[in-house]
Amino acid sequence: MIFNRSILFGALGIGAVLLVFGAAKEARQMGNTQGYEPDQPINFSHKVHAGENKISCRYCHYGAERGRHAGIPPTQLCLNCHSEIKKDSPEIAKIKEALDNKDPIEWIRIHQLPDFSYFNHSQHVTAGVSCQQCHGPVESMTRMRQHAPLTMGWCLECHRAQGLAPPHDQRTMAGGDCNKCHY
Amino acid sequence: MLKTLMVAEFTDEQQLFGAVKGARQKEISIYDAYTPFAVHGLDEAMGIKRSRLPIVCFLACALGCLLAMWLQIWTSSIDWPINVGGKPFNSFPAFIPVAFEITVLLGGLITVGVFFARSRLYWGKKPELFVEGTTNDRFVIALEVADARIPRDAMIQLLKDCGAISIGYSEVEK
Amino acid sequence: MSGATSKFRKPLVEGEKNYSQVTHEILAPLEGKPTRGWYGAFVIAFIAFAIGFAMVWYQIATGIGVWGLNKTVGWAWDITNFVFWVGIGHAGTLISAILLLFRQKWRTSINRAAEAMTIFAVICAALFPLIHMGRPWLAYWVFPYPNTRGTLWVNFRSPLLWDVFAISTYFIISLTFWYIGLIPDLATARDKVKTAWRCRLYGFLSMGWNGSTRCWHRYEILCLILAGLATPLVVSVHSIVSMDFATAVIPGWHTTLFPPYFVAGAVFSGFAMVLSLMIITRKVMAMESYITVNHLEAMCKVLLLTGMMVGFAYMTEFFTAWYSANPYERFVFINRATGPYAWAFWTMVFCNIAVPQVLWFKAVRTNPTLIFIISIFVNIGMWFERFVIITTSLHRDFLPSSWAMYSPTWVEKGTFLGTFGLFFTCFLLFIRLLPMISLGEIKSVLHFGKGAGHA
Amino acid sequence: MEREYWQSVDQKKPASGGAEFPEGHFDLLSGSKTRRDFLSILGFSVATVPLLTACNRIPVQKAVTYLKKYPEIVPGIANWYATTCSGCTAKCGMLIKTREGRPIKAEGNPDCPSLGGLCAVGQASVLSLYDSSRHSGPQVNGKPASWEEVDRSILESLRSSNAGGKKVVVLAKPTFSPSTKRVLQLFQSKNGNVELIGFEPFSRSSALAALGKTHGRATLPSYRLDSAELVVGIEVDFLGSWIDPVGLSKQYSKARSLNGTHFLRHVQLESRMSLTGSNADERIPLSPQALRRVLSGIAQNIASRAGKTVQPVQISASESGIVNRISNELWEKRGKSALLCDLNQLDAQVIVNQINQLLGNFGKTVLVPKRTPLPAVRDSLDELILEMEQGKVGALLFLDTNPVYNYRAGERFRTAMAKVPLRVSLSGERTETAVHCTHVCPGNHFLESWNDFELASGSYAIAQPTIQPLRATRTAQESLLVWSGVNSSYYQFIQDTWRAQIYSKSKGLSAFREFWDKSLHDGLSPVASTPDSGSYVGGAITLPKASNDDGLQLLVYEKISLRDGSFANNPWLQEMPDPVTKVTWDNYAQIGVATAKKLELEEGMVVEIQSGDTKISLPVQVQPGGAENLVAVAVGYGREVCGPAGDGVGANVFPLLSLSEGYLVREGLPVTLRATGQRYSLASTQTHHSMEGRDIVRETSLAAYRKDPGAGNKKRMPQESMWNGLPKGEHAWGVAVDLNRCTGCSGCLVSCQAENNVPVVGREEVKNRREMHWIRLDRYYSGAEDTPEVVHQPIFCAHCDHAPCETVCPVLATVQSSDGLNQQVYNRCVGTRYCANNCPYKVRRFNWFNYPHEDPMERMVLNPDVVVRTRGVMEKCSLCIQRIQEGKLRAKKEKRPLKDSDIKLACQQSCPSDAIVFGDLNDPESPISKAVKSPRNYVLLEELNVRPRVSFMTKVRDKG
């Protein structure tokens, strides 16, 4: 009987520990949207554009090199090609409609950094960080998906690897100060 | 397997002392004695070995102290050293208060935990009471009948001489 | 059991009582119907608690701005109340632990209630560091736990973090100590009470305690160990609380004297609170024969001693300020005694230094009414001590351009009232639900000082 | 140097019993309280639900794209446009930072005569742009209408007015804009009987007229203080609000910078303590009447030295002592001195010109610009009122004028106005006059408009729109063009003006397009007409009338923040502490210490000021250094319809005033005072005014400085440390504030507020001592109460190397960066306020509440590179970390090392006196490294060894 009770208590104890660890792990994931892959108003495929047709990322996301935001391209930019190619696709029709009605397309935002962290695309592009390093194999995604966890710890992994403090190459030094991102 | 105990009930701790001394003289093994409060000297009289809880406590405290020091030094100067007010990453003296607190915390909690485990005390346990009022004003001795070298009658007589107001038998799991 | 009373020792329990009587009398409140007085007190305490709860809710929902703090005075009533309650929380453990170590048997009838008081006071105290945060919902950030921020740990150099560890440890260890002390009594109650739910409750909590001597043996050692751990803990907790101030650069805070000064102050205020409570409780719960005038007198002596230690500390602070020739330090102390908050300073001096001097007289020390009045004065005085230290140092520090005044809002007042409500609600429930005097210990000293010649 | 500093006036009195612990005041942003609070409580309860269920996903966010690609807009990159500030007559050059098309920050244009400085008013103008209480579109009889309807109806009315033989009056703020002048003339010529009347509530009419009389050009003088050695100011706040405060501050601080060969000595004679007076080497408080007597005395003295005879003046012995001393100094420095005066009395202004002429200052330190304003300004509208009452006026157009509020007889004006059939207001802001107009034709904010200006320096400035009009408004000039029957945009019109008037003067530039583009890019035309000494007409010296009645007299003045009241609805300016009194959100009856004692008044008592039959009630503010028998009251308060921030703040003092010889009596008007028995506490950011003998502001005299540049300073203590230093970064940012240059004007404060999204907290919260400004200007008095010396000291986060705040934060929310910045990480902060308590400089600011940012219009002014802090977190100066990061990024992109000149702090950029030096201490050649090595350099509270990165330079005064 004592033996039975020990087993019972042992099992309860292990269960409790697992529960705590599980809850802690779950809590760590709170607010983390890694893997977020929503339906977009237009079935745009990065696989077709960037993968199969090898269009440079920066053709559309031209802000990435110069500014803070990579930007979702202006609607008109789509028609640079699509005024000739696949003119009759119903998806392209949506683009034309948006332009005609002056009613911009409302994309679902996937990569959302919290408001209190400052992220500048151009800074990273200048330092030679490739798009895929953060956004994953975009050229193989039919539907866009959040590849990285985009947590502070994830940012720091890379920053630490690049070297936080001088002496380092000015061009690639990442820096580990809080006010690199938080101000 | 069951074990038979002879249980005697007294109204005064002095009588219990007498019974304990008598039983020890007669080399009757005392299963246990039950009192409503801690009767000083009874444990010695019964020949209970000194508990090793202090050693447990010392080890627990040492564990707490080391753990706390390690955590503080590792987090502050190894895992992610951050310049806080120009102080050295390993600001050792500043780590003493927390180390002390964790020492006391772990020392206390682990010792209590070991006490519960060793005394087989846990929430919701059904008490093992031979005599009603053990926790109020009765003093009880339980003698192991099987090991006794004297006959039961002699044991009963001994207990009666000591002032037992009731004597009975009880069986417990071995 | 002879009735001859010792010439040297006064009995700790008055009157001729046997064990069963003791059990009966002490457990009586558990099953008896509460008196009208208890109900009245409970209703008042609960209303105060409800007010405090509403204030805290309102404050958390709206912002700390509902308090009277400003850019210069960032802490005032919140931390004053925190230190006040922590101080009160010191007597319980001190009575139990230090007096146990010193084998002072007179502690037995008051230690249970004093420990309960400790726990409730620490709960009240812990509330303030929590709600004084601008974002209390993130309070868990003060604990070092692995997180996704690359792991961003905490700042172990901050006295506030030491506080977190000190207060949590103190609370957990005090609670454990209290609970360990309660187990045998809970067993007694389990075997005594008739109501089914009480039987089940005490049965569950008493962990199958059966008074086995083997357990008693370990139990006694455990109590000594815990007492041994708790004693330096008590000292460390208030030392750490004092370091919140002592390690800061603000003149009037930056003082090496603070740790012993605060510990003495804590004992002072703690004993005052124990006295206030015990004098009422023994009256209301008819426990005069257990909590005797001798107990009160012994506590009065502690009060007088610690009161003078505190008074000495006040003088030392002034001396240090003068002797250091530090203009900022000097100014702070001149400002304390003559500035806009001088009235608070002099209230403190009056309550903490002047009033306890009457305790030199035995007639006063043995008069419960007078002791009660004195203890209330000390309680007030010790609250003002913390207010004076915190507010008068902050409100005029280095740059006169930032000097400012502070005055509390009704939210702060309501919150403070609420902690009294919480404290008394808990205390009133405690005296109805748990044996308020340690049965096991009182039984062991039942014949003390009565020449019965027990061990 | 130990000196006796005394406490604030009120502190000197015995404490009134029990007042220190008053009933807690709780009134959060009163007015709109209940609903907000309810919602926030609701929000709190709702917010806890997802937290508890621990399954919250970030809500779906939409990304809305541009339809077309705009090459000039790259999201996240700022565009800068040069334009010109319309805040006052100075017309400082401005650079407007726009992000995604929104103007978010105004900075001074270094290529303009203002040399990159910009005052608080200019800084705050971006907030006025987003003022949602501006008119949203045209109205006819109080009902919204379309522009076509309005134009049709106005044209009709103008025609019928003409047909009825009535005249059309344009009541305009006098302008120096060539194109606006042309528009006005065109309107006049196209609409028959049009009279142009110039009106300004706080005009410099007498100065204009005097210069017209003595030098043949009715314009405002300009100065070259940088080449002067002595400036004597008479009741003139030339560093604060007079003519060209920024330009004059630049010259003033340069001439006093200790770098050159000479040091500009400044003597100020004034009645109230003005910002300018607070900076003077010698300040003599005199009542307005006494000032007139002394001015006459100086005129007589100088004239007699110059060999002219003037009738003698009767002055007291003490006054004649002052006269002799000042005259001696002026005479000694003739040709190198300047006498500045802002008494609004023609005779006084004339003799000031004559004195300057006799001293040979014209052409050297005093110049006569060639620009003249149109319409000519006048202080009196009584004639117009009479005409209106007689029904002679058929139409009345208000161009940037608001006489119902700010004319002395505003009430009479309002009644008379009713007789005019067509009343048109062209102001974009809500005005008391527009309420009584038949037509409201709101003009654009100046940041939405084209305009041009002729500057005092002779060059021409362009104001260009930095955003499309946010509302259905139309530039006032364009409206006038429409009503003149001209079918061209005002932009076209300006170009025409420029082609005809300015381009024609240019030499060497090929095409007009090129000329225009360059001017537009620079904000300034390359063509300039240099101001000269004018042509002295001379004339007899007539001494101004001064009464010997030294009874209680009123002085009205413009506050540096609200000026004449046009900026009353700007919360940044309302909350900007007055540089001298430190009071926000109110005007008050400022009374000198001695007079207050005599009248048994103390701070906060409400008094009734009466002149004739009019009276106003105001709380008393007791001012050290205020002249005897003086009540000084700021204009610009007591607005009624300007919007939520300005309405009902303070009291309107204009109705008390009267006219004398056609000029508004702004100083010396006899008044009576009566205590009402009420009390009102002013919201002040500083309540203790003495340094308590502490070593806070170090100062010395010029003579001592000449002997030893380190005079007044102490030797730096050796830096002992218990610890080995931590690794040093690539840069080490530092700041030095030159207390000798800083005038306390508070432009930096508003600049910082705009740059760093610093919230406005409102009057009640300032009273609770919870203002949020990251930079504060401490002002201390020392010496005698009636003639105190004043020091100003900007204090912001010192970025200590051994920061006490960092050590105490339990959660690492404030730590040191590798380049020595004290970082505050808002999102990590849990709000214990321990850091603020432990800050010896008290520079940390706590978000006691969520400060309102709901107004969708007002939100547009927020700097997107800086987080808006939520309640419960600490904040403080970050040394414009976003600018440092931007500079680093720019260097990184250009693949070159970062120079500290790449980065300018917001406060530093706008400082009109260049008092703030920022840079890299690791670079031994940087200005900051040089400043730190100067013998004048010191750090505040050095004995604490917190090692601040912000240091100060001693103040030097020429004590004669």
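A, B, C and D label the chains in the order they appear, each numbered from 1.
Basically, contacts are C-beta pairs under 8 Å (C-beta built on N, C-alpha and C of every residue); 3 or more make two chains touch, one makes a residue touch a chain.
Predicted, not measured: the structure shown is a model, and the values here were computed from it.
Between the chain pairs A-D and B-D, more C-beta pairs are in contact across A-D. Put simply, the chain farthest from chain B by mean CA position is D. Note on chain placement: the centre of chain A and the centre of chain D lie 46 Å apart, centres being C-alpha means.
Centre-to-centre spacing of chain A and chain B amounts to 59 Å, using the average Cα coordinate of each chain.
With centres set at the average Cα position, the gap from chain B to chain D is 80 Å. Remark: chain C and chain D have CA centroids separated by 56 Å (rounded to whole angstrom). Each of residues 84-85, 87, 122 in chain B touches at least two other chains.
Across the assembly, chain D contributes residues 804, 807, 809, 812, 815, 817-818, 828 that each touch 2 or more other chains.
Among all residues of chain C, those that touch two or more other chains are 150-155, 157, 159, 161. Looking at the complex, you find that chain A touches chain C at residues 24, 28, 32, 149, 151-157. On the chain B side of its complex with chain C, the touching residues are 13-14, 32-43, 46, 48, 50-51, 53-54, 57, 61, 71-72, 75-76, 79-80, 84-85, 87, 91, 94-95, 97-98, 100-102, 104-105, 107-109, 111-112, 115-116, 118-129, 132-137, 140. Taken in their complex, chain D has these residues touching chain B: 721, 723-726, 800-807, 809, 812, 815-818, 947. Interface residues of chain C, counted against chain B in their complex, comprise 18-20, 23, 144, 150-157, 159, 161-162, 165-166, 168-169, 172-173, 176-177, 180, 183-184, 187-188, 190-192, 203-222, 225-226, 229-230, 232-233, 236, 240, 243, 439-441, 443-444, 454-455. Considering their complex, residues 26-27, 30-31, 33, 38, 62-63, 66-69, 71-77, 98-99, 102, 104-109, 112, 114-118, 120-123, 126-127, 164-166, 170-171, 175-180, 182-183 of chain A touch chain D.
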